[in-house]
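I have a structure here, written as structure tokens, and I will follow up with some questions on it.
As written, the chains take the letters A, B, C, D and E, and residue 1 is the first residue of each chain.
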Amino acid sequence: MARIVLRGLVKTFGRITAVAGVDLEIGDGEFVVLVGPSGCGKTTTLNMLSGLDTPTSGEVVIGDRVVNELEPGERDLGMVFQDLALFPHLTVFENIAFGLRVKRVPDAAVRARVREAAEAMRIAPLLDKRPAQCSGGEAQRVALARTIVTKPAVFLMDEPLSSLDAKLRVEMRTELKRLHRSLGATFVYVTHDQAEAMTMADRIVVMDRGRVQQVGPPLSVYSDPANRFVAGFFGVPAMNFVDGEVGAGGQFQAPGITLELGARAPVPGSRVALGVRPEHVRLAGDGAGWPAAVSLLEPLGDETLVFLDYGGPASVVAKVDAEAKVAVGDRRRFTFRPDRVVFFDGATGERALR
Amino acid sequence: MARIVLRGLVKTFGRITAVAGVDLEIGDGEFVVLVGPSGCGKTTTLNMLSGLDTPTSGEVVIGDRVVNELEPGERDLGMVFQDLALFPHLTVFENIAFGLRVKRVPDAAVRARVREAAEAMRIAPLLDKRPAQCSGGEAQRVALARTIVTKPAVFLMDEPLSSLDAKLRVEMRTELKRLHRSLGATFVYVTHDQAEAMTMADRIVVMDRGRVQQVGPPLSVYSDPANRFVAGFFGVPAMNFVDGEVGAGGQFQAPGITLELGARAPVPGSRVALGVRPEHVRLAGDGAGWPAAVSLLEPLGDETLVFLDYGGPASVVAKVDAEAKVAVGDRRRFTFRPDRVVFFDGATGERALR
Amino acid sequence: MADAHAPTRTAAVPAPTRPPRRIAAWLAQERVFRLVPFVLVEGLFLLLLAIPFGLTVYISLLKWRASRPFEQAHFEGLGNYADVLADAEFWWALGRTFYFAAVAVSLELLIGFVLAMLVARTVRGTRVYTTVFLVPMMVVPVVVGYNFSMIYVDSGPLNQLVAPVAALLGFDPRIRWLSHPIAAQWAIILADVWQWTSLTFLIFLSGFSALPRPLVNAARVMGASPWQIFWRVQLPLLKPVIVIAVVVRSMEALKIFDQSVLLTFGGPGNSTQTVAFYLWRQVWQFNKFSFGAAASMLLLVIFAALIYAGIYLLVRQRSVALAEGRG
Amino acid sequence: AQVVPGATVEERAVNGAKAYLQKHNLKNVEQTILLSSLYRNSFPDFSERWEKLTGVTIKIVPLGYTDIPAKIMAEAVAKTGEFDMFNDFPYTAPDAAGAGVLIPLDPYAARGKPDFSGVAPGLSHQQYYQGKLYTFVLDGDHLILVLRQDLIDNPQVKAEYRAKFKKDPGCPATMEEWERQAEFFHTKPGQSRWGMTFDKGLYGAMGYRSVNFSYRHFPAYFGGLLFDKDMNPRIATPQGVKAIKQFASIVKYMPPDIQGWGTPQIYPFWASGQAYSVMSFPSVVGFANSNEKSVIKAKQLACLVPQTDAGGKLVRRSPQAAGTGYMVSKYSKHPELAYWFVQWLTGPTVGDEAIAHPKGFWDPFRESNLKNAAIRQRFGEQFLATTMENSKYATSLLMLEGNYEYFNVLDKHLADVMNGNATAEEAAKRIEAGWNKVTNDVGRARQVQTWRQGVESGIYLDKFE
Amino acid sequence: MTVRRRLAPWGRHAALVAWAALVLFPIFWMISTSFKDAWEWVAWPPHWLPHEPTLHNYRQVFTFTELGRELSRSATDQVFNIWPALRDSVVICSLASLASLLLGTFLAYAVSRFGVGGKNFRYAILTIRMVPPIVIAIPILMYYAIMIPHTTTVLFGARLSLFDTYLGLGLLYTVTTLPFVIWMMLSFIDDVPYTLEHAARLMGAGRVYTIRRVVLPLVASGMVVTFLFIFILNWSEFLLALTLTHPNVTTLPVLLNKFQSAVEGRLYGPQAAIGTVITVPVVVLGILIQKHLVKGFSFGMIRQ
């Protein structure tokens, strides 16, 4: 019923190609998150879905209608904008009621439905205030209430949490998941915050330069990235990359680091990059691993980041327990969890040596 | 030489008290970070230090002079503003040179020093551009270069990284630490991002409602908070709080959770709140711990947040390894790491039962 | 939202049925809607300005004094233009106008700027000052005209105020503000300055309050004196606003008419005759309609040159502002 | 044509109007007059009477007289039929008639037989332009000179004056003498003379010197035709230069702001007793006699305009400077009806009543005025006698197409001389050039013809030599 | 340095107070004169305050009788009552300003959102404003009084003239103030975030509904400022009114001109009375919206 299909969607602005051909199927009731760096075409894709932008070519199907020709208001969807787009001149009540007023819903019904939505979002006491008098989190809830009140089949959200502070963002995440579960509607959610993508998505769609890079459940995108871009995009701090090549013996070779590749299929001499996440870097005792000097410590409270100078062009970062005994200047050996090391083609950045 | 002392600093705007009495000593060459929620008076404190605001009462000492009566420009300090405040009409070169130009430094010296600063901040190729043509990170560096070029004894920074995206913020953090180390100047840094505070500070000053709540090194503020506010302020996700009281037997009692207090000094019947960080919540096997149901999972990639419904008013959140086998709906028992549990007075929020 | 590039529908998916569009819906279509106000406004301009403009051109090519019936007017070609160009009075009036505009606008800009700067720096009383300073703008120019004519009377309050100074310097305190050729020019300029400094003040004050505060703070921390802050930070940032003030005020000042009629009627002699007033006399007093039309056209040409200079400045400021990341 | 029955001018007018209304079966007719706002306090008394007599309502549209010519010309272009009658100076007629907005009144006059007897030639001929009757005059507004009787009668003044000039003070015979008197009486503020202290000073003379007024006074100083037979200006002659000098030189005894003053400044100032003499419109005497704040009530002496030296011989010329007349619009729906009103209003009987009206602005101009008790009562014997005598010297301003442009040229250069920006000789040359330019622009042949016709008809009193 | 810092505010206030005095003096003089009798209008030394205050001037101006003859003291008084002109001015200026505001706002919207008219339209539009009104006065007169009536007579058989009508002057006022409306409204509309409109449209609101319910309320204060500004311009306009109206329609400045002209001399008292009466409401209005005025006049040239 609210299945969404995007077919060969392209959008150009003059000479700029914002979206370069996106094909995507979103199931009914699915929570899909579009992530990607700034300018990669997330908003443009969402806007074509909502009808605010007209595709240069390609088709948008919602339910089982091609909606290219429909006005945004006719597509039965609700949208939450990055800046919330609450109407500053209307009370919270009238903000929520807007969509109903447009459709000339009778007054009594408007009151009932607004109240219902407000209660669902726990903002009933705010109804007489203006958006400017609401705190960030409250305003966020108002925007959600305004969207759910018309009971759309599809929810579009464009970085709705980006203006909130870290704490609130974490709370609203939970709120949104709850909402999704209770409404059973299809959610398409845009963000460039990977924590949001990871925690909320049923499936993540990673975009870069107008194209889809990978689609999949959060953990598989995190642990099984399709290419170096996706691998680097997820994770704070970012995945460690070590550029090297496949040695004559089939082992991975880089300055300071050598790793046996074992069962994988090596093409000696080919350039590859090794990738490993900081939490999979282990500080070993003497003997095993590669030697390095601790150049910087960043305590995060629960964990500590250890910057290891092993002789390569950049440090390798290891995430260790906050209580681990490490000091700047220590000389330590480190290893990678072998099952968590991934390789990328040195030229194309695609996964290699699987 | 660039020791800073604030004595009984108060600032009121009409009926609003922005800063309600701050006493603080900052050593020469120290990196001090002021953190606190929005509106707590961080900027106002910094502005009194810089001379942009005049204190309502109290003294500001820089070096060994009381500088209350000095113009900002006479206090030998450099400042980086939240929105950078680069002059849009000047080139990057002239932006950096500004502080030298107003001091009528000869042209040749200006050129040399600007180039030096630009090279230190790695923006030498940008010198002819305008700020609007620089990317966020570049602009950030320009602002830093502009500040270091006059070699001030004190650096003041008001949320300099808040407009950057997550990735850049992490990079610039490292950059700033490096800068601090190489200049040896005193840094006073304002932020409300706790990760910045944790990773950069020699000492953290936590403020709330115009007052200093706690001063100390990052890890001690994190693990040994002076009161409930500080405890709740640090940590993502936030510390779990369980409100309860001291039972007749001297044990901590709350719905669903009972904990022996052991050697600590209990006053039976007094209301206390237990605090424990998510990383110190452990999912136990059968038998030990309190029973709970897993209500939500938030995979972060490297770790997973487990929301535990144990019968209290809110869930307890545990941070577990990403590879832990937990599923929503599981019934699990949990415990707290005993040495990491802290208590707060139920009424005042101050630490209790140490 | 319909677009020429909209792809054709696939057969598999049923075409959405659409309600029949009525005129309102047709108008609401973006490609129609966007043009409605444009067409309306351009239509109005065409109807009310373009046709009369054509008429002016036509009349300017006739030989026609209104003291003869229009039917007796005959084609004259460019003779009227030659006459206007040969008329010393036209050039004199034009010169006067530029002189008035230049002096008055410079004073207005200078005073308005200084006032705005002072008000922007003041903490207390800003509202009161702003309110008072804006009053002249709201007074009808005709009222300003006779108001000042009262003040300028030789036995009026202005001379009374001047009297002590006059006594000191030993000249007759009864300055003939309106009947002395030079005093009369200043009388008009001062009235204009009195009235329109309020507008330049307003524009500059808007500019000052739009100036980002942190930039000034940044400069202060770097040790710039108020003077340096002014020259190096505020003034360059205010350049676009200054250009606006110059363009807006010059535009209006070149049209100066009311005060020249009301205060001095162009006198004494023609020492305060502005070009608008000159035209008015040629037409309505001397009934030289075709001559007036030719003079109008010439004036338009001269003004058009200035207009485009002004607009060029504006556009350039705008693009600089864009390049600097403002606007 | 059939003369309308009726014993007097007014009766014929009323009858004519009634007949017209009857013939066209008209009721509740309203006619509009564009009226100089000077008359708006008195004119309604007469228009209301006309309404009682004929049933025709007269709607008044008052306007300052400087704006009236432009309004008439606008009507010439717009042809709205908004106005039936215009009230303006006779010398608006040339341009207005040329533009076709005025209707010649001769056909109506042939039936209405208006009476212009006892009107001085300078005034009565002004009603015609190019031989056609366009205007009915009801205002003898020619310049006179008024002195301060109380000062002249002061024995100390008399003694001092006689000592200096070997004669008693009184009406000056010539412009030179007036200026000498002005110099004699001119007193600085605070100075004491003749047993009096002049706190605010005493100005020796007053007169109109502002833009749009100078040209109305200048002919009194010039004394003769401003052009020769072929429309060549006679200004750049010794006579012209002398007139310009005289016109400018007396200004030094006038209030300093005089170049910006009009009637509402000059009249009260005169009435406040701060000047010895004023050359003005006749109504100034009535003003200063009746105004409550006047300090010179019954202290005025009306004089004939002083003579001026016109190329060797002394002549007296009093320009008819501000008297207004009544014209009928060509675009009126009922021009004849409008004509009847004009004839009625300006007729000897109603006209006399108008002149006698206490708030009127009409000045005596007809010999019959002398015998009218109400007028004698209002203006005083001495003044009335003087002004009637003066009207014999009344001379019209230029009745030529483009006359306002001629006037402007004159005004502008006179101001230059008064302000010391040009010498009289230079000004005379420039005026000559300016006038020639206007003449050529309008069409010399046509102007010459009109000029000659006007001179022949006697409106300027002088004839070609 | 510190001494200077302490003294600077005093210097500033001194300068500001001085200018305030300069600004207020003519207003003070007008109000004072409006209560003076004729003899005090021009007195030496001048009377700062009326020695014998009178309401006569106001009575003359506000009389309801046709011409107020009984109130005029002497033949030189030419005082008119203000009512018809007040009505004409209010009607023309409000309607024309309103029309201009609405049209201009819509065009500004189209320019801001769709770039209608090209990149530099917002500046090109200013050219209209630079044409001196005197230049168009005669042709407009001929156009209104001859061409339009002629055309309508030929086409519809009815003579329709715009000369001396509300419509005629009103249309011109609308057109001549449009450039300012467009210019000022552009800066306000540019400030309204697109997303608000997007949000409304997603909720099913049509273009017109969106403008009416979302955009217009948000630029309302800007519209008030703009309205006031162009209202003042129209309220003050003199030359076109002088040429293209009268006697049926007379606006206040034209009426005021009838009280005086440099030639005819001036009736200071009644003029001052009228001046006071027509100035005070506008000034009060201006004070009320002062805050918005300051916001509205940087024409969007500085924005951070």
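Here is the rule we use: a contact is a pair of C-beta atoms (placed from the backbone, for glycine too) under 8 Å apart; a residue touches a chain by one contact, two chains touch by 3 or more.
Model, not experiment: these values are computed from the prediction.
Farthest from chain B in terms of Cα centroid separation is D.
Placing every chain at the mean of its C-alpha atoms, the farthest one from chain A is found to be D. Chain A maps onto chain B through a rotation of 180 degrees [Cα fit, steps of 5, range 0 to 180]. Centre-to-centre separation of chain B and chain C, using mean CA positions: 54 Å.
Note on chain placement: the centre of chain B and the centre of chain D lie 93 Å apart, centres being C-alpha means.
Chain A and chain B have Cα centroids separated by 26 Å. For chain B, the set of residues that touch two or more other chains comprises 71, 74.
For chain E, the set of residues that touch two or more other chains comprises 42, 44, 142, 206, 243, 257, 260-263, 266.
Chain contacts: chain C has residues 153, 155, 178, 212, 237, 264-265, 267, 284, 326 touching two or more partner chains. For chain A in complex with chain E, the touching residues are 50-52, 71-74, 77-79, 81-83, 85, 87-90, 98-99, 102-103, 146, 150. Of all residues in chain E, only 9, 12-13, 15-16, 19-20, 22-27, 29-30, 33, 41-46, 48, 103-104, 106-107, 109-110, 113-114, 116-117, 120, 123-124, 126-140, 142-143, 147, 171-172, 174-175, 178, 182, 206-208, 232, 235-236, 238-239, 243, 252-253, 256-257, 259-263, 266, 268, 271-272, 274-275, 278-279, 282-283, 285-287, 290, 293-304 touch chain C in the complex they form. On chain A, the positions that touch chain B within their shared complex are 38, 165-167, 170, 173-174, 177, 192-195, 198-199, 218-219, 222-223, 234-238, 277-279, 296, 298-303, 305, 319, 322. Contacts from chain D toward chain C in the complex involve residues 69-70, 73-74, 76-77, 94-96, 98-100, 210-212, 255-260, 401-402, 404-405, 408, 411-413, 415-416, 418-419, 421, 441-442.
Of all residues in chain C, only 24-25, 27-28, 30, 33-38, 40-41, 44-45, 48-49, 51-53, 55-56, 59, 111, 114-115, 118-119, 121-123, 125, 127, 129-144, 146-151, 153, 155-157, 160, 163, 178, 194, 198, 202-203, 205-207, 209-212, 237-238, 240-241, 243-244, 247, 251, 254-255, 257-258, 261-265, 267, 275-276, 279-280, 283-284, 289, 292-293, 296, 299-300, 303-304, 306-307, 310-311, 314-315, 317-318, 321, 326-327 touch chain E in the complex they form.
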